[in-house]
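Look at the two complexes coming up: subunit A is in both, with subunit B in one and subunit C in the other.
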Partner chain A sequence: MSRPGFVLTVDERTPPLLVHQGEGFRLERLPLGSRVIYPPDSLKGVRNVDAEIQHALLNPLGIEPLPELLYPNMRLTIVFDDLSLPLPQMQTPDIRQRVIEHVLELAAAKGVDDVELIVANALHRRMTPAEIKRVVGERVFRSFFPEHLRNHDAEDRANLVEIGKTKHGEVVELNRRAMESDLIVYVNITTTPMSGGPKSVSVGLASYRSLRHHHNVHTLRHSRSFNDPPNSAMHHSYERMADLIGGHVKVFTIETSLNNDTFPTATSFLNKREWEWNVADQASYLAVKRGNELMPARARRKVWQKNVAPYAVTGVNAGLPSEVHPVTLDNVHRQQVTEVQGQADVAIFGLPYICPYNVNSIMNPILVMSLGLGYFFNLYKNRPIVRKGGAAIFYHPVEHEFHPVHHPSYIDFFDEVLTQSTDPVVLETKYEEQFATDPWYIQLYRKSYAYHGVHPFYMWYWGAHALEHLGEVIFVGGNRRTTARMGFKAASTLADALEIASHTVGRSPSITYQHAPPLVVADVR
Partner chain B sequence: MTERTSLRDELRLLRHGRDWRGRSTVPRSADPWILDGKPRDLSNQWARSRPAVAARAMLRGGLLRPVTWSQTQPVVEGSDYLENLRGPVVFVANHSSHLDAPLIVGSLPKRFADRLAVGAAADYFFDARWRAVTSALFFNTFPVERHGAGRQRSQAVELLEQKWSLLLFPEGTRSEDGTMGVFKAGVAQLCVANQVPVVPVALRGAYMAMPRGRNWPVPGRPRVAVRYGRPLYPAEGEGFRELRDRMMRAVARLAAEEDQGWYGAMRAEIDGTLEVPSRRGDVPKASRWRRTWESTRPLADRSRRRVWTW
Partner chain C sequence: MILSLEYRHSSARYLASRTVTSTKAGSRLSAMVAGNMSPLRLINLAAPVVPGEGWTRVAPRLSGICGSDIGLLTGRSSPYFSSVSSMPFVPGHEVVGETLDDLPDLPAGSRVVLDPVLSCEPRDIESCRWCADGRESRCDHVTTGRLAPGVQTGSCSETGGAWSRQFVAHRSQLHVVPDSLDDERAVLVEPLACAVHAARRVDIDPGATVVVVGAGTVGLMTLLALREVAPTAPIHVIAKHRHQQERALALGATAVHEPSHAVRALRRSTTARMHKPEWGREFLLGGVDVVFECTGGASGLDSALRLARAGGTVVVSGMPSGSVDLAPLWLRELHLVGAYASDSGGGNGQRSDFAEAIELAGAAPIDGWVEPPYPLRRWREAMAHAVDAGKLGSVKIAFAPGKD
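Let's turn to the complex of A and B:
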């Protein structure tokens, strides 16, 4: 049995601790008495993944076995999560490939001819053919691409359909092909408690008209946190939409969960607790760190992006989304939740090189903000790890770099919008519509590989709860210009950051460091 | 803005808190979560062999005692209580300094010193092999798990069965401020379960002579007192908690003898004015600096006290 997560109290016996910092990492000596939240050790994966998938498809929860739902003249749509999951990408074969192959085997056996595969990318950039092939595998790709294996297009009016409004008046507009199918099979990977369940179809196949009902400042400020679905206004909205979808089309979902084996063997020290590093781990640390620093920036990014995780599958469950998701969440919690007593004055987060929106791309400053104040800050249940009015210290270089193909609207957002205001409400009311309906951004989203024009706004809203909660945000090692543009502060060292934070939290604050990745969700009591 | 650190600084940071083999100490709060690797043999069996006993006797007489006695002025009292005692016994003492074990081992009669094993913290003395070997050579140490990780079964019972006497420090660690702490129940449990007599030993002045953080006694040959008490035998039907309390009172009384004399300390115990550490915290404690202050007060030099004075 793997060890549960725990909270370390830094004492004089504690070695320097590892902190991620963009495309790099460092050792940091935290002040004595600081607390460090470690995730549970990686769970053991299921021994026979194919048998597990087979079992899930034949013994689903709350619905008939998949073979009974398939028949010759039906319209079958298989939808799967895009490349924002898992992070980093998993080593091949991807679990989605394995599940889709099993589903297609059953469909072929039942003589289903009308099969479409759709990437649930919502307003994310389209996946390139190579990226799709990597996820679904050679066999599926060769059989369906490009006519019947494609990205969802949230701006293709002809292929969208409004199926109705929720009781809260939320418009539900989704992919027409999926909604007019006899069966949707959704293939999901749940790596954080926010993913999966009602989110899959209602977000992955939605249009801007639909997404704006939950991707907004008010909802995100009332999602505390969005990794704690019962306390997340965002998930309540997903659920209302999922109920509507459930009444319209039959959805058979297959949810998979992975363990915490985030880094490959050569960098396995990143998965270990520092006092358990042996000489080989220390040598790898030194070699990888020095090598990483000596590499040219482009090569370094390439190496990091090529990093694939040797994840093991911890569970495969199929059936009705509402029945399956609680079981999946149990698996995710087992892997990621660590109980923490009380909040701290200062929270420390080491931000890694990757977030859901820079796979094979560049982490621009807006994405850093979203990763830190959005994703990492919200890795909690009950209460944030830092008290209201406290300080958050992030480690990241926050370089002024943008991917011109993937993130064109981000560049304008950074240069033209953030210079006017950083207040999410002001941005939402004054600028969102303009970016969301800009024909050039729409063109780039549909025909190139760009994120939708509104996407940088969503990234900013993602941090809206943290912006409201925190008294101070400091980036250690951050570029002064970019951090200042976003309304944050930069510090050279942790000592400097604590000095800056002392104006808000005093001279001897309590400190909690969330030691991730591998991801850990703090259950703060 | 991120500056590259030099390789030297990087190495220094990486090596911080690690031994020459690159092993780190385990943070206290992480101790219950240590992976169960292949358990290391910490038994130090070799230290109980005849050659090792002979070598230890030589080192004790030729190095340990002369050096300790040259750096401090030990006054040993109460060793007459040991005259008619037969081993194995368990010596229990208050613990405030690394000098404690050398003072006791150096002041014990040879028949006890030759057949004595000293309980030592597994996480400290057995953390590095060189430390385990050196301490076993000089003191015949055996590992005592302090934090309940349960990695090793205690060797104490086995040693008692093999007629080795034990020297144990039931506080579990050296005192931070020189005052005696509450005894853990383990030693009393051991004595009750094996019906072994306990010899209380009080050390005074050792904290002042070599407190935590020092690795050599302070200059000036400070005076230290080693005081043995009357052996305590577990009574019929006595529980380990009662025996633990008796042990604490006995050691506290012996320590108080230094200031109040034998009779005075005995009276203080009967009157209830003797300071005995309590887990319940019902005895108001002086502030930490005052406790440290008292513990570092030099012992009165009684060697020149005249019996006949007018």
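Let's turn to the complex of A and C:
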């Protein structure tokens, strides 16, 4: 049994605590009395992953075993989660490769010829051939790429189909090949309570027309949090769409969950609680930190991006999406949820080098915003860890840096839109449509490796709930110009940040530090 | 004897200033213009002689420093111009002054502005086809007739120039300044006339997107003129300095862009596509209908060519310098249009550029555009100020030649 999550109260014996800060980290002494939320220890993985997959496929929940759903002359479409999961990328073989291989073996045994594989990348950038190969493995790649293994193209009008509207009038427009299949097999990795379940098909294979119904300011402000599906307006919309999809096409989903082994052996101290660091951990902390700081920026980014996680698989469950997802969520909760009593005046988050949208890329300021005020702030159930009107202190350098190929519309969003307003509602009503329909962004999304033109807006909306909730947002170590452009403050040290925050929360605020990654979801009572 | 700033061309010096000033350091640039190697010197010269009837002596009250003057002094201007001028000469062609001789319809003591073009009429020669048509800035006779070669006052060895206490001008060059127009506004009439001329060089469809590259004097004045000529067209201005951006917005620019963001911003507002070649700067497929190049630099013209849509037009308003890749001109079938000086409106009944400019100078929000003027003996400071005008927050630097 691994130990459950834990809330530490800082006293004079507490060692300095690790805080992530982009492509680096530091040890920070927090004020006495600060609380620190740690995730449960990494769970033990299943011993035989292949046997687990086989078992799941043959004993699914709420639907016939997979072999019984397969027959000659059928149209089978296998859809899988894209590069945004898991973070960081996992050691090969990727769990998606293993699952897909099993599915393909069963399909071959049943004489199924018409098989297509589609990346559920929605409006994310296309995955490169090398990135796809890494996920599906050499064998699958060689057999299917490029004719029968491709990225979803949300702007290919000919290959989209509107299957109807939900009872709330939400347009459901999805990948035509998938919708016109006899069976969709969805291969998922759920690493946060937000993903998987009704989201998989309804978001991963959708178009802008369809996504705009839940990827908007109103919905995000009423998703509290989006990591707590029962209390997330966004997930209610996903569910309505998933119901419609379920009436239209048979979906067999395979959901997998991973443990919290986020960092490889060389940096395994990052997975541990600081007071349990042994001499070797102390030494490797110093060595890694020093080496990291001495490296030129480019080399440093390369090293971090090459980081692969030695995750173990904690669960493989297959069947009807609505039946499978609760089981998956249980696994995720076991790994990530820690109970906390009450909210604090100040929340502290260390933002790491990676988020779902900068794999093999650059974390630009908008992505930092979405990682901090979107993803990290929303890692809660019931209530945010910080009270309404409180302050959030993030650690990140917030460099003024953009990947010109991956994030072209982000550059324009930063220079032309954020200079006019940072209010999500203003951005949505005045600028979203322009960016979403700009033919150049569409061309870059389809033919190059660019995120869709509208994507930076979604990133901003992701933080809309936090923007409304927080009285002050401060970035320790943040670039002054870029943070100011986004309407935030920069501080050089935690003491400075607390000084700035004192105008909002006073001189002796209560403080909670959400210690991640590895990820932890705070269940705030 | 007349206190004057005299320009003396020396090939060696020209080349030297060219190499030194083509470095990036702005302060080095101004040091070269004003330093010991400068081709300019302050000197007492014999007063220029009135060449015949219809001429008068003029005493400048304010004389502007133009971008083309700086181009000349920094060795940036094209060697092309050497044969359409005569050495040595006194520069200065943006001027408000007072006439010193009585003319039949212009008594001595009249306050006037100068149209510097030395075309057929002042040269007392039978009109060339352009002058006959009222398009004097195109005159073919600028090297012949009664006067030494020189396209304008300020490049001719016989007329003197406005950077002195006295020069001579032909009646046809002079426009009376209404009393309501003070000297600070009047000295801007000549550059405004050039801007009006440039704006009228092309037909701008209502709704066409226009870009002005550069927001120095030429750029701002072109914007002013364009607002008259094409009141409804969206006009974007590419401006380096904050004060230039603010001035452009105050003059009615639709939007202003920093040079580093301009291509992206214009791509978006014209829903064009943007490409980045292996070498060189981004360009647009789709893009802007009409671009006015107002920097006089190769880089400004290069941008203009890369921003224009296929079949679009690039107007060269600033005196060009340096060389530019013409690939977009060819591939995108662009129109490249020159706009030099001003004329009396052509044969079709259009008002002269100067008449428009005088009206505009009276109405436009251009207070504070002229810095407190320098006396001639402070010419080194004046030139240094003019070279760095944009950086220093200034629009127009001028001399008050009559002051000590």
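Brief remarks follow.
Note that the second predicted complex is superposed on the first by the 525 of 525 C-alpha atoms of A that agree within 3 Å, B and C clash if a C-alpha of one lies under 4 Å from a C-alpha of the other, contacts with A are read in each partner's own complex, and residues count from 1 in each chain.
Here, a residue touches a chain if its C-beta (ideal position, glycine included) is under 8 Å from a C-beta of that chain, and two chains touch if they have at least 3 such contacts.
Not measured: the values here are computed from a predicted model.
After superposition onto subunit A, partners subunit B and subunit C are found to sit side by side with no clash. Seen from the CA centre of subunit A, the centres of subunit B and subunit C span an angle of about 120°, rounded to a multiple of 10. Within the superposed three-chain model, A:Leu27 lies in touch with subunit B and out of touch with subunit C [touch as defined at top].
Once chain A of one complex is fitted onto chain A of the other, the partner contacts of A:Glu416 are limited to subunit C, with no touch recorded for subunit B. By the touch criterion defined above, A:Pro439 lies against subunit C but remains apart from subunit B after alignment on the C-alpha atoms of chain A. Comparing subunit B with subunit C, the partner in contact with more residues of subunit A is B. Touch criterion met: A:Trp275 reaches subunit B, while subunit C stays clear of it. In the superposition on chain A, A:Ser195 contacts neither subunit B nor subunit C.
Following the chain A superposition, subunit B and subunit C show a smallest Cα-Cα distance of 24 angstrom. Remark: subunit A residues 3-4, 6-11, 13-16, 21, 24, 26-27, 29, 273-279, 282, 285-286, 289-290, 293, 397, 477-480, 490, 492 touch subunit B in the complex.
The part of subunit B that touches subunit A in the complex is made up of residues 1-5, 7, 10-11, 13-14, 16-18, 21-30, 33-35. The residues of subunit A lying in touch with subunit C in their complex are 404, 411-412, 415-416, 434, 438-440, 443. Of all residues in subunit C, those touching subunit A in their complex are 261, 264-265, 267-268, 271-274, 276.
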